[in-house]
Amino acid sequence: MDEPQGADSGPDNLLAMPRFAGITTFFRLPHQPSAEGLDVAIAGVPFDGGMTNKNGARHGPRQVREMSHAHIRPFHPTSERSPFRICRAADLGDVPINPINQADSLARIEAFMARIVAAGAKPLSVGGDHLVSLPILRAVARERPVGMVHFDAHSDTYDTVFDDPYDNGTPFRRAIEEGLLAPERTIQIGIRGSQYSADDLTFARQSGIRVVTIDEYFELGNQAVVALARRVVGDGPVYLSFDVDALDPAYAPGTGAPEVGGYSVRDAQVMIRGLRGLDVVGADMVEVAPPLDPLGGTARVGANILFELMDVLAETVL
Amino acid sequence: MDEPQGADSGPDNLLAMPRFAGITTFFRLPHQPSAEGLDVAIAGVPFDGGMTNKNGARHGPRQVREMSHAHIRPFHPTSERSPFRICRAADLGDVPINPINQADSLARIEAFMARIVAAGAKPLSVGGDHLVSLPILRAVARERPVGMVHFDAHSDTYDTVFDDPYDNGTPFRRAIEEGLLAPERTIQIGIRGSQYSADDLTFARQSGIRVVTIDEYFELGNQAVVALARRVVGDGPVYLSFDVDALDPAYAPGTGAPEVGGYSVRDAQVMIRGLRGLDVVGADMVEVAPPLDPLGGTARVGANILFELMDVLAETVL
Amino acid sequence: MDEPQGADSGPDNLLAMPRFAGITTFFRLPHQPSAEGLDVAIAGVPFDGGMTNKNGARHGPRQVREMSHAHIRPFHPTSERSPFRICRAADLGDVPINPINQADSLARIEAFMARIVAAGAKPLSVGGDHLVSLPILRAVARERPVGMVHFDAHSDTYDTVFDDPYDNGTPFRRAIEEGLLAPERTIQIGIRGSQYSADDLTFARQSGIRVVTIDEYFELGNQAVVALARRVVGDGPVYLSFDVDALDPAYAPGTGAPEVGGYSVRDAQVMIRGLRGLDVVGADMVEVAPPLDPLGGTARVGANILFELMDVLAETVL
Amino acid sequence: MDEPQGADSGPDNLLAMPRFAGITTFFRLPHQPSAEGLDVAIAGVPFDGGMTNKNGARHGPRQVREMSHAHIRPFHPTSERSPFRICRAADLGDVPINPINQADSLARIEAFMARIVAAGAKPLSVGGDHLVSLPILRAVARERPVGMVHFDAHSDTYDTVFDDPYDNGTPFRRAIEEGLLAPERTIQIGIRGSQYSADDLTFARQSGIRVVTIDEYFELGNQAVVALARRVVGDGPVYLSFDVDALDPAYAPGTGAPEVGGYSVRDAQVMIRGLRGLDVVGADMVEVAPPLDPLGGTARVGANILFELMDVLAETVL
Amino acid sequence: MDEPQGADSGPDNLLAMPRFAGITTFFRLPHQPSAEGLDVAIAGVPFDGGMTNKNGARHGPRQVREMSHAHIRPFHPTSERSPFRICRAADLGDVPINPINQADSLARIEAFMARIVAAGAKPLSVGGDHLVSLPILRAVARERPVGMVHFDAHSDTYDTVFDDPYDNGTPFRRAIEEGLLAPERTIQIGIRGSQYSADDLTFARQSGIRVVTIDEYFELGNQAVVALARRVVGDGPVYLSFDVDALDPAYAPGTGAPEVGGYSVRDAQVMIRGLRGLDVVGADMVEVAPPLDPLGGTARVGANILFELMDVLAETVL
Amino acid sequence: MDEPQGADSGPDNLLAMPRFAGITTFFRLPHQPSAEGLDVAIAGVPFDGGMTNKNGARHGPRQVREMSHAHIRPFHPTSERSPFRICRAADLGDVPINPINQADSLARIEAFMARIVAAGAKPLSVGGDHLVSLPILRAVARERPVGMVHFDAHSDTYDTVFDDPYDNGTPFRRAIEEGLLAPERTIQIGIRGSQYSADDLTFARQSGIRVVTIDEYFELGNQAVVALARRVVGDGPVYLSFDVDALDPAYAPGTGAPEVGGYSVRDAQVMIRGLRGLDVVGADMVEVAPPLDPLGGTARVGANILFELMDVLAETVL
């Protein structure tokens, strides 16, 4: 029988094919059309129709996929294991969104994610703009509200922007209103930047979200913030959402609404690693906009963050 | 039964998934490990270990694949058909080359291509530097020498460079010496640029290759050059090799040895279309070096040239 | 009385302020909020919510404005006049579109343009994706259908894309259906590129549009195409629409759906200049997407095309 | 009466117009020709004729203006107010410098700034190279010397460079010699990088400037440096000058003389915020050179620093 | 005796050192401090203090030198000889200009060039902005006026810009006034683009310069323009000046004042080759501004043009 | 006698020639063909044929040379001396490697370095990929094993990659096997990133290398790591090897295998300065790949690291 030609051979077998070559999938995982049999289903959500400032995040999944393929080896240096060995994961491709119709796209994303959940897998998603977290939460938190650890420069809890309830500044207000998110079990880490008015964070705070501004972050330090996050989210189900603009733009310039003065990728790695053992039900990494950083440094950072999220998700299977 | 998730749906069904999204394959064709059952097998050859000047062509297949996925629709505007409807084609992924070992890589490329030929398919390859044409010819012309229509700024018939017989300036001298290429049925179109010495083209001319310098090209014009090419290669088997540096660098700056003063992409399209009906046994498009044109214009041009070659190959099936 | 500080002094007075400095307006014209008293009102239409492939044209007006400010002097070299001297023109700023709501944006664009028309001025618009031509035509052709000279690689007469009637591939089918465009007085110049199917141009041709494919363009040559265009549009009112992807991507790579093998900027200049004397009622230049060409060459080309359109519009005032 | 078309609506009304659109002014402030009635007058100084190494800072004002327009909202997150509400500010456009005549340009800058001062406003300037601080100080410190908090990698107190007394390495020596700057009330923060000789800092130190090298900066830490700065400048009038090369090039690569090993934007934000309540009489942010960072990250950082300076200036009005 | 280490080995010996490596000199020629014994002395003139729009041409010599080192082999394909074999040429390094003092720099350039002329060599210079041609002509045409073949988009015969007589728009008016240039033996090829007023070309035409606008160029064609140029300049001494903005920006975007609609590099090659046999006394290639085209395509074009000029100069030695 | 024209005048005389101009050499040092009479011989090693992921480091020496020429002044700010005054240093150009033959290149590099050592000088090398350290060590450690302070994200002690013993992931395993490196006197600082398997660091640790992972680095802090390094290497001969990917990619994105989460350039400066007084016998700085960071920030960082290494080497002469 003929040997396969052009096989990419998966994350554990990087030397069968140079890392810059082959059909690109997330982490060199197999591409499969359904989540049946998986623990973690990775998917791109190439929608940026919620972007009110600079767009381009629709191209995020493609470049993050490529960077994860070229730059991430399978073994995690601090958990000292390959997450792909302790859980079954695959690349489900991208959600077939409708680039010019927001309502249609939100429905498609929710349906796609609901099938993943129905198959018993946990979704690990790559945006797209942050609005995509809303339909993902509709699928993941359908049965009960979830807590959230939210890394971001922005609270994303505006009521409306341009008189519109659905954009990348509003998803978590909608999620709270829809009963998907338990605000008192939600923490936002790294909030900063110029604001529209004194009321920008009012809803978040009044609803019970624990807002850690960048000033508080630097006062407390990494370890204390992790401990705080664990206290806030507790033992219940929790979703992780990482907006790449949480990071200082020196690390991640390719995003639509960058805010100077953030934390480093190292800081983010340490914090995500500190979340191991939580009851994580899904995760996303969003807002990588490749046209705004064509050389791909931001996507490479995004791929590394995705690997950290993958490792935390993998642990939930043990 | 569950519908597949994340399916990319092939070249005929572009609207099932936005063109900027999904797992990338050449022309959105299915990725399959073997050439069995195919008429045309498209593969990347990500090797640039023959590059004596600026390297980076190892990254060519990935970016050309992506550009063909995003920008090429299935229906050809002048042949007025979809090549993918008149022949069976697929993406075989990339040849698993060894990036630091030239001899090993040449052997792997030849073996990969030989399997395609053995399966009854014709290879359509994406380089990589131009040295990759040599092992491809070893597979394609194993049984009898072939003619060639060669688009390039350089003749690539040096004897040695750096005292080495195998690099991207020597493949066609080796191919003639090995009896793979019939020089009197070979034409090179667009040769130009500063040279090492008066002898640069001596071997090509003495061996019988019809060298069309850029000056002659502009004197004759497109149509006459096509007619000449058809006369030179005649009715026998012919290979097509397109070095992207054949084009003026205004169209294709992302290549290791660009030479100003070339023809346009339009010119190339017209010439390739003029080769329909020849007994084409394989084709390649080489020397796209993405790091030298990070925004990808050169790769996009390369994807379009690949589509033209595909259409000529498809016709041979009729 | 104090002299104004920081005044930019308009297109005729370039040496009061370096061309790289000052508040940027189109051609250094005054910025004014209304079209009252104007012959030509230039406005940006920063909407790209109709873009089904690579987006970013929402940033077009800003960079085209900057390039027109830095690189266009007021005197036209072949009409031998300053268009700004023979007509009253100003920069009306950008249409306040809603970046996440297509229907709302189309209404805002139409209203903005209707006010220009009501003021007795002719709109010269800078996109944005090509969908913006539809609401502009709704304002300009409200009272009677207009003819059109349309420079583009694409016919933009699809029925639906992603099952949606409004995107950047459909505006002129909608315009014909709505009675805004007289297809038999419409010519499309430069149509090319791979297509979805054999039917891509069926509607355009059956409706009576004169489609000049790129092959026909190169057969006829510039002068014959201009003569043909003048015959097609005749003496009636005519709209000019210039999609920057009409040009070969070597000249204009920064656009969402580039197609290789087009004509040059020189060709476009010659053709637009050949349209002087027609009854032009408005014009647009669309699809410049700055994130896809950050150094701005495409926007600079766009600014030059805008200047040619301005000169043709200015002549209608004489 | 007709509503204005294309109005940008100022910093408090960001949702009337997308932030990526509209006529660009600093912080979306109104553009007005004179400083009459203003507390703070923001102006660009697009002159780089004092640049002895890599030039391009003449383009700084345009790109910083654009970035401030697109990325800065009006409300400051730690002062918890909009500086534009507590003082009257406007964009005065750019100083009409003469790009090829240094002496003429210095005179124009001084005259422009003197008119601002005469109108009772404080200038907030955007360079241009650092030489522009000299004519600004001539206007601001005409009546008495001022102290200065100077963020920079370089002391800028050379006597001559290329035998010339006026370039971007000499402004503060000239300012001391001219009696504009009180050296004993001046502090320089972040001085570092390879030097010409052991005497590079001799003048600064002998004249009484408090030079905080980067080594001392990292020993003391942010808070101690702020306290030191407040002690040095005391209660008298003080000017703030921020050279973007004070920052590590990871944050601000787009500048003519970058020096590795600097502090972060976060550090700078904290320090500038620590200067609230001083008797600040004017401020500048200089040396952003857009051609050296075409994607604009450096200009975006510059816009954020400008916002911090604005907030400190605004407080002086209270 | 020890063999030299790291030797670059000159243009005839490219394979002693990869073309991307070694100390960079023009065409890999030896670097020597004086023109004694040379026929042609190549030098960089890194001055852009005459630039009234976008600067950066001070970086031209460095990047053109690098591109000539990496991409130009010694043998000319149509003259069929190595210019470096038929004449003695070397790289004299760069003129030690004063970047912040125009008058000083003009004096230094003239002195540098006068020493070359005094040594019996002909200068081949690389700018810098076009103002540098003036001090070169002062050295070359000291004894009698020379004719000129001038490739450019601009006539560069303004009287003053910003009230200043010396900038990159005025050199040839000054040269005529100073008796350096014989206007009736001068031809300008490719003049185009928007102008300040109807008088832009008045001086050129009235003084007797033969102005070939781009429209006339395209009417006549390459061969006729070459014939015309030879008639205009006749048998006397002639200087060649090539402004890279003569070319269409698709070929040479990295320049301070690009004008769309120009000719191609191929066209330029053909025209320069057509000037062989004239009594050429010196030549320059100017206005390459690397920061405006960081990937270096424009500098590579400039290096190729320089090679063509070199070949024409070499022939004058025969 | 005539004064030299175009002289660059060395590191102590920066104002004889603008820093952006002149023939480029490392630190503006004289270029000389042999190391005779030198204390430190700086050379480029433009070989990247050991690169298994993204290549381009062959271009490192050219761009690092240019950046050191443009941005490094001669006087060190913390050692308070010019290293070029306390020792005799020169630029020996680049090693004439064979870009397509690894074995040949390794031999050439070793021979080149052996001549430097034989001349009594110490080599300071600029890569090239990290494999080049192996032939350098063969020359430097020929007579006895040396210790090493190794800054890197990777241990580079794999046995084989792609079944090949020589690539940029294996040099230090080979060096230990060949008796060139004393593992118990070797320390690696900053090791991090995803790995192939649990065994990636086994050889390094078992052989006795002191591996400081990035986690340990951040726990210990700069000063403790320096002290540890001094303890590990002791009084014997020691080699310094700095892979630019030791740094966080925010500082040095232009490298083939970047790993997020590293230390800063400031950190690296402090550590290298802490090594003064050791018996350093040679040093290298490798893996700058200019095509992956065309604007040159990574090369500029590399030039600064090279200056720190130079200063440490210079001290060994005292």
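Every chain is named by a letter (A, B, C, D, E and F) in the order it is written, and numbering of its residues begins at 1.
What we mean here is this: a residue touches a chain if its C-beta (ideal position, glycine included) is under 8 Å from a C-beta of that chain, and two chains touch if they have at least 3 such contacts.
Just so you know, these numbers come straight off a predicted model, no measurement behind them.
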Set of chains whose contacts include both chain F and chain E = B, D
Topological distance between chain A and chain E, in contact steps = 2
Moving step by step through touching chains, the smallest count that connects chain C to chain D is 1
Have a look at B-C versus D-E and report the one with more C-beta pairs in contact.
-> B-C
Residue-number overlap at the chain B/chain F interface, same or different (half cut) | same
Distance-maximising chain from chain A - centres being C-alpha averages = E
Please report how many Å separate the Cα centroid of chain A from that of chain F, as a whole number.
-> 38
Averaging only over C-alpha atoms, locate the centres of chain B and chain D and give their separation in whole Å.
-> 54
Would you pick out the residues of chain E that each touch at least 2 other chains?
-> 18, 20, 52, 54, 58-59, 99, 161-162, 248, 250, 292, 294-295
Would you please name all pairs of chains that touch?
-> A-B, A-C, A-D, A-F, B-C, B-E, B-F, C-D, C-E, D-E, D-F, E-F
Contact residues on chain F for chain A in the complex?
-> 52-54, 161-162, 192-198, 200, 213-215, 218, 248-250, 253, 257-258, 260-262, 292-293
Using the touch rule from the top, collect the residues of chain E that touch chain D in their complex.
-> 48-52, 54-56, 58-59, 98-102, 104, 161-164, 166-167, 291-292, 294
Residue numbers on chain D that touch chain A, as the complex places them | 14-15, 18-20, 70-78, 80-82, 248, 250-251, 264-266, 269, 295, 297, 300-301, 304, 307
Within their complex, chain C touches chain D through residues 2, 4-8, 16-18, 20-25, 31, 33-36, 43-44, 46, 58-59, 61-62, 66, 91-97, 99, 112, 115-116, 294-295
